[in-house]
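Common to both upcoming complexes is chain A, partnered first by chain B, then by chain C.
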Partner chain A sequence: MSLPETLTQRLHAAAGAEEPQWLAGKRREGAAQFEAQGFPTRREEAWKYTDMSRLSGIEFGQATDSELDQALFEALRLDIDACRLVFVDGVFSSTWSDIDHLPEGLSVAPLSQALTSDQGSVSEQFGHLTGISFSPFAALNTALSNEGAVISIGKGKAVEKPVYLLFISRNRAEPVMSHPRILVRCEPESEATVIEHYVGEQGAANLTNAVTEIDMAPASRLSHYKLQEASQSEYHVASIQVDQRRDTNFTSHNLNLGGALVRNDLISDLNDENATVDLLGLFFGQERQHIDNHTKVNHNAPRTYSNENYKGILDGRARGVFNGRVYIKRDAQQVLGYQNNANLLLSDRAEIDTKPELEIYADDVQCSHGTTTGQLDENAIFALRARGIDEQMARGLLTLAFANEVMERIRHGVLTDRVERAVAGKLPDRFNLESLVEDTSL
Partner chain B sequence: MLEIKDLHATVEGNEILKGITLTINPGEVHAIMGPNGAGKSTLSAVLAGRDGYEVTQGTITFDGKDLAEMAVEERAQAGLLMGFQYPVEIPGVKNIYLLKSALNAQRAARGMEDMPAPEFMKLIKEKIAFMKMDSSFLHRAVNEGFSGGEKKRNEILQMLVLQPKLALLDEIDSGLDIDAMKVVAEGVNSLRSEDRAILMVTHYQRLLDHITPDQVHVLIDGRIAKSGDQHLAQELEARGYEWVVEEPAA
Partner chain C sequence: MATEAMEQLARREYKQGFITDIESDTVPPGLDESTIAFISQKKGEPQWMLDWRLEAYHQWLKMTSPSWAHLDYPPIDYQAISYFSAPKKPEDRPQSLDEVDPKLLETYEKLGIPLHERAALAGVAVDAVFDSVSVTTTFREKLAEAGVIFCSISEAIREYPELVRQYLGTVVPPGDNYFAALNSAVFTDGSFVYIPEGVTCPMELSTYFRINAANTGQFERTLIVCDKRAQVSYLEGCTAPQRDENQLHAAVVELVALEDAYIKYSTVQNWYPGDEDGKGGIYNFVTKRGDCRGDRSRISWTQVETGSAITWKYPSCLLRGNESKGEFYSVAVTNGRQQADTGTKMIHIGKNTSSTIVSKGIAAGKSNQSYRGLVKVSPRATGSRNFTQCDSLLIGDKCGAHTFPYQEIGNSRSTIEHEATTSKIGDDQLFYCKSRGISEEDAVSMIVNGFCKDVFQELPMEFAVEAEALLSVTLEGSVG
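And then the complex of A and B:
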């Protein structure tokens, strides 16, 4: 299918824009690649269950303002003590951002500023990991991204305060597209937390196409949270790639509760010994939501470790996809790689396609993978009802319980609370579990 | 409080209960004993409202209401609570959530507001101390990874919080070590009161050394073959069940 006229024009404009040479070159390549490929269709293996071709039929504009009133900001944001960058439909909002008092060792800037003030380091990182061959969306982002975040954590610094990137999607007369680019550099022995939070006004039907590149120097640690609670009419695509060196530890919390059509691609490259990755995922679709998670762990070095646990809850006519690939390179011995995907179908019309893939070229490794898809345990429902809890609430509690395994790994109280409430709030009809969640500490 | 009249019940078409008649008044503690296969667990399951058990004849009235008409949760809300022989593990559901939602469901059914959080926490603290349980247990998942003794203690804790009118205890002593047995028995004894009744179903007389019943019934082949006071239990312990079958029902 051909691309919308406005998009073609924008790609041509980007390819010819006056920009530093290194960037102009990448733009041209990205634009050409995307023009050649277009939005992926189901004919492509990696997109077999997720049809993105409908995006070709939508004329997405581009936002030029970051207008946002306080009430909406307060309603959507996480009230968390953090270094905050706020973007409204891809446009940086200095009004709502807060990076005045950065802790020692942390540097955070919007991409648009870093492109002028810190071009050297941006040029090293931009597209270094996530190239235009990653996916058509990564190519599109490369061609058009003019905003995002550039984060670096200094050598040996353990930064307590999280970096909080808030992306707000507005309900506009005409839908818009944005292409945030997030570049994270963890210097040796550094420690930090980065939260990407995607939210939207009800009815927002924009396309957010984010790319995150994370470069982890030896012995660095990073907790990465991606909380996606966009409106149920939003299109959301995220491509995340992590380069892990020796002794690094990367934990990903990929939490997807919103969006009409959602695709996440997450790749961790374990490139040196004792690099460890923990991939935790939770997705909850209802009505006609479609949420696709593709993950890939590349064990490129011996004694590297991965542990993955994705949980999906699907209600209504929602559809979920989980595709988890674990690759172990030749001679990458003594690798441990575990993967699990469990899904809960709350309705007869909900659907999950789950596909674990192990590709192993070494002989001394320990790997396992498993997927389960099921309904709630009827014995547990009975046990709860036998205590006076009505059936709907029992189902609600058990669904929350199913999600708990992933939620309890979230290490920030505010975030845990938000996710727990959001999951409880998405539960069928029916029961408000919120009163349960609060006030139960001794 | 509980009136069972000529109760017949089938499981998968097989008649297991063949005409049970039993009345339990407030303040009383009853024990039902009997050999394996006599129908003890079927009776428990029918009272709890488990699926797959069909009442084919007779009536069960609880507090003047027809139990067969009540959903599982309605029975509990009305004050008929079952302590299970094999408490189910519920991964991911914290004990505190179970207790809170159960208590508030019961209050809602009785037209009461939710219990305020501070009052609730005070109540819970008191009860877990009584059951000699650690407060960390409240934030563990219901019965997950619990020992047999912990599971049974947890059943009794739920009773102490929910204060049933009629507590049904199904083989509550099975699998308990000596210390856990004492704690569980103390918990059950603390429930005894003038307006509450307790019905214990047990295979062993030993439980009745800790919790003295007012009446003991012997269930054999789906019927109550004999009833008596606590001494009947001791006689059963000494002589087994066979002699009961040979004598006419009391």
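And then the complex of A and C:
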């Protein structure tokens, strides 16, 4: 399918824009690559279960303003003490952002600003991990991205205050597309938390195509939260790649509750000894939601460790996709790799397509993966009902318990609360978390 | 209209081809309509069979060789292959065991193959291969008594055309995939089995005993039909390494199980894997599929794959009948430069269907192997159950083991479980054995056999014993 006229024009314009030479070159390559590939179709193995070609049929505009009233802002945001950058349909909003009092050792700036001043060596970081060959979406982002965040955590600094990136999608007369690019640099022995939060107004049907590149210098630690609760008509694509050096520790919380068509690609490269990655994922699909999570852990060095746990709940006619790959390079010995994907189907019309992959070229390793797909345990429901809890409530409780294995790993009270409430809110009407909380407090 | 015209053209061309070739027993290398017509003519096939082959050939022409498997091999020149050759004349074969490659004989020795069988396996021209005539005769009599049909596929096409026509290509259609299409066009050998309603086949059927089996075809086609409440256990291949001049093998196996029928299909594949650099090994591209057509039917695949340079093989089950059951037990061992991409597909269509997959992969030397499988549960197949276990063992640091399990689950009343592990033989396990006076090589062989136990116990008794010996021979030289 050919690309919409407006998109082709925008790609051509981006390729010829007046920009620093390094960026102009990347834009041209990205535009050419995307034009050659187009939106991926199911003919490609990586997109076997997720058809993106329908995006070709939509004329996405581009937002120029970051208008947002306070009521909406308050309703959507996480009430969290953090260094905050706010973007409305990809446009930076200085009104709602709050980066005036940055803790020592932390630098946070919108990409547009960093690009003009080449602050934080953006030219080195932009596209060096998530390049144009990552996926057609990464190529598209490279060609068109002009906003996002540039974050750097200084050597030896442990920053308590999280960096909070809030992306708000508005319900506009015509849908728009945005291509945020987030560059994170963790200097040696630093520690930080980054939260990417994607939300939207009811009915927003925009395309968000984010790219996150994370460089982790030796002995740095990073907790990365991605909470995606866009509207049920939003298109959301995220491509995340992490370069982990010696003794680094990366924890990813990939929480997907919203969106009509969602695709996350997450790659962690364990490039030196004793690098550890923890991938946690939760997705809850309802109605006709389609949520696709692709993860890849590359054990490129000996004595590297990975642990992955993705849990999916699917109701209505929702479809979930999980593809997790663990790759162990030749001679990357004494690696531990563990992967688990558990799925709960709540409806007969829901579907899950899961593929946990192992690709192993070293012998002295311990790798395993497991996946299960099933329904709630009838015995457990019976046990609860025998104690006077009605069936709906019992089902809700057990579903919440299923998700809890991932939720309990969230280390921020505000975030935990938000996710728990969101999950509970998706359960049948008669399931009332509030009343439950009151009951138990008695 | 277009297809009609094409068929006419096809018919015209083969006529010319077959006139020139009819006198000879071997067609020159190359593949076109005339080759197919020649094969069909040689086999004395009816017109419908020839049409069927040509249709498959036309589909094959439009297809491209699959490239998704985790395999690396040079492109195959299909025009350089001779698609039909008559059995070798006795004077062309080695006249005694002295003329046979000593390495091959050494392997026979290790496997404990009786002397008189070695000659037959090595292709030595002996008048009475072993006491096969009498064995075969009693065998045939017993089968006939039970009403079981067991013959070569060519014979079946001539003798039981209605039966063959009813079932051939219904499980693996001619255009199913590239290699199946090629096989459908040019197959020359294979078996046909029909077990009538209510009959339990009185003995295990084996290609080993089938008349005419001495010359196993390069493009085999096997069709097994089990009627209502019938049962059969079928063995394919044997543990002895077989030399074969044909590098490309593309077999198709179709199983049909009607209501309450049970087919157990066991394979031991030990084709020549090539030399240390992987030169000259067999390319084995096989399409095997069983159709659990009737309610409560059951198909069980068991395979031990140790040979071939390239293995591309996914024995599958279509679980169409309600409460039907599919099983797949596999041991794949690769050494040297062997590459294997193998696994299964379990397609749950009927209600309350169940499937079990147990796959054990052992990679040594510079070999690579992959488990590739699909478990698909259709929305209608409620109450379905799958359990999958794939374990890989790596021996040495130059090999690779990969797992690519696909699961597509379409309803909420089914339970699917999948587990996979990859590890090596533990140093502590080896130490334990060695401290008790067991040599390292024996210890490895013992541990590997233990690793494969779940699969070996599914094999018929005599096969299981041979398979264990085979495993140690295959892994020879991979330790230390």
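A few notes on this one:
Assume the second predicted complex is superposed on the first by the 431 of 442 C-alpha atoms of A that agree within 3 Å, B and C clash if a C-alpha of one lies under 4 Å from a C-alpha of the other, contacts with A are read in each partner's own complex, and residues count from 1 in each chain.
In this text, a residue touches a chain if its C-beta (ideal position, glycine included) is under 8 Å from a C-beta of that chain, and two chains touch if they have at least 3 such contacts.
Bear in mind the structure is a predicted one, so any value in this text is a computation, not a measurement.
After superposition on chain A, the partners chain B and chain C are seen to fit next to each other with no clash.
Of the two partner chains, chain C is the only one that A:E45 touches; chain B does not reach it. Touch criterion met: A:A386 reaches chain B, while chain C stays clear of it.
By the touch criterion defined above, A:T373 lies against chain C but remains apart from chain B after alignment on the C-alpha atoms of chain A. Between chain B and chain C, more residues of chain A are touched by C. Look at A:L400: by the touch rule set out above, it reaches chain B but stays clear of chain C. Remark: in the superposition on chain A the angle formed at chain A by the CA centres of chain B and chain C amounts to 80 degrees, rounded in steps of 10.
Of the two partner chains placed by superposition, only chain C is touched by A:R330; chain B is not.
When the two complexes are overlaid on their common chain A, residue A:E351 makes contact with chain C while staying clear of chain B. Put simply, chain B and chain C get as close as 18 Å, counting only Cα atoms, in the superposed view. In the superposition on chain A, no chain A position is in contact with chain B in one complex as well as with chain C in the other. By the touch criterion stated above, chain A contacts chain C in their complex at residues 45, 49, 330-331, 333, 343, 345-375. Across the complex, chain B is touched by residues 377, 379-380, 382-391, 393, 397-398, 400-405, 435-436, 438-440, 442 of chain A.
Listing the residues of chain C that touch chain A in their complex gives 68, 379, 382, 392, 394-424. Within the complex formed with chain A, the chain B residues making contact are 48-51, 71-73, 75-77, 81-82, 84, 87-94, 96-98, 100-102, 104-106, 109, 114, 117-118, 120-121, 125, 135, 138-139, 141-142, 158, 162.
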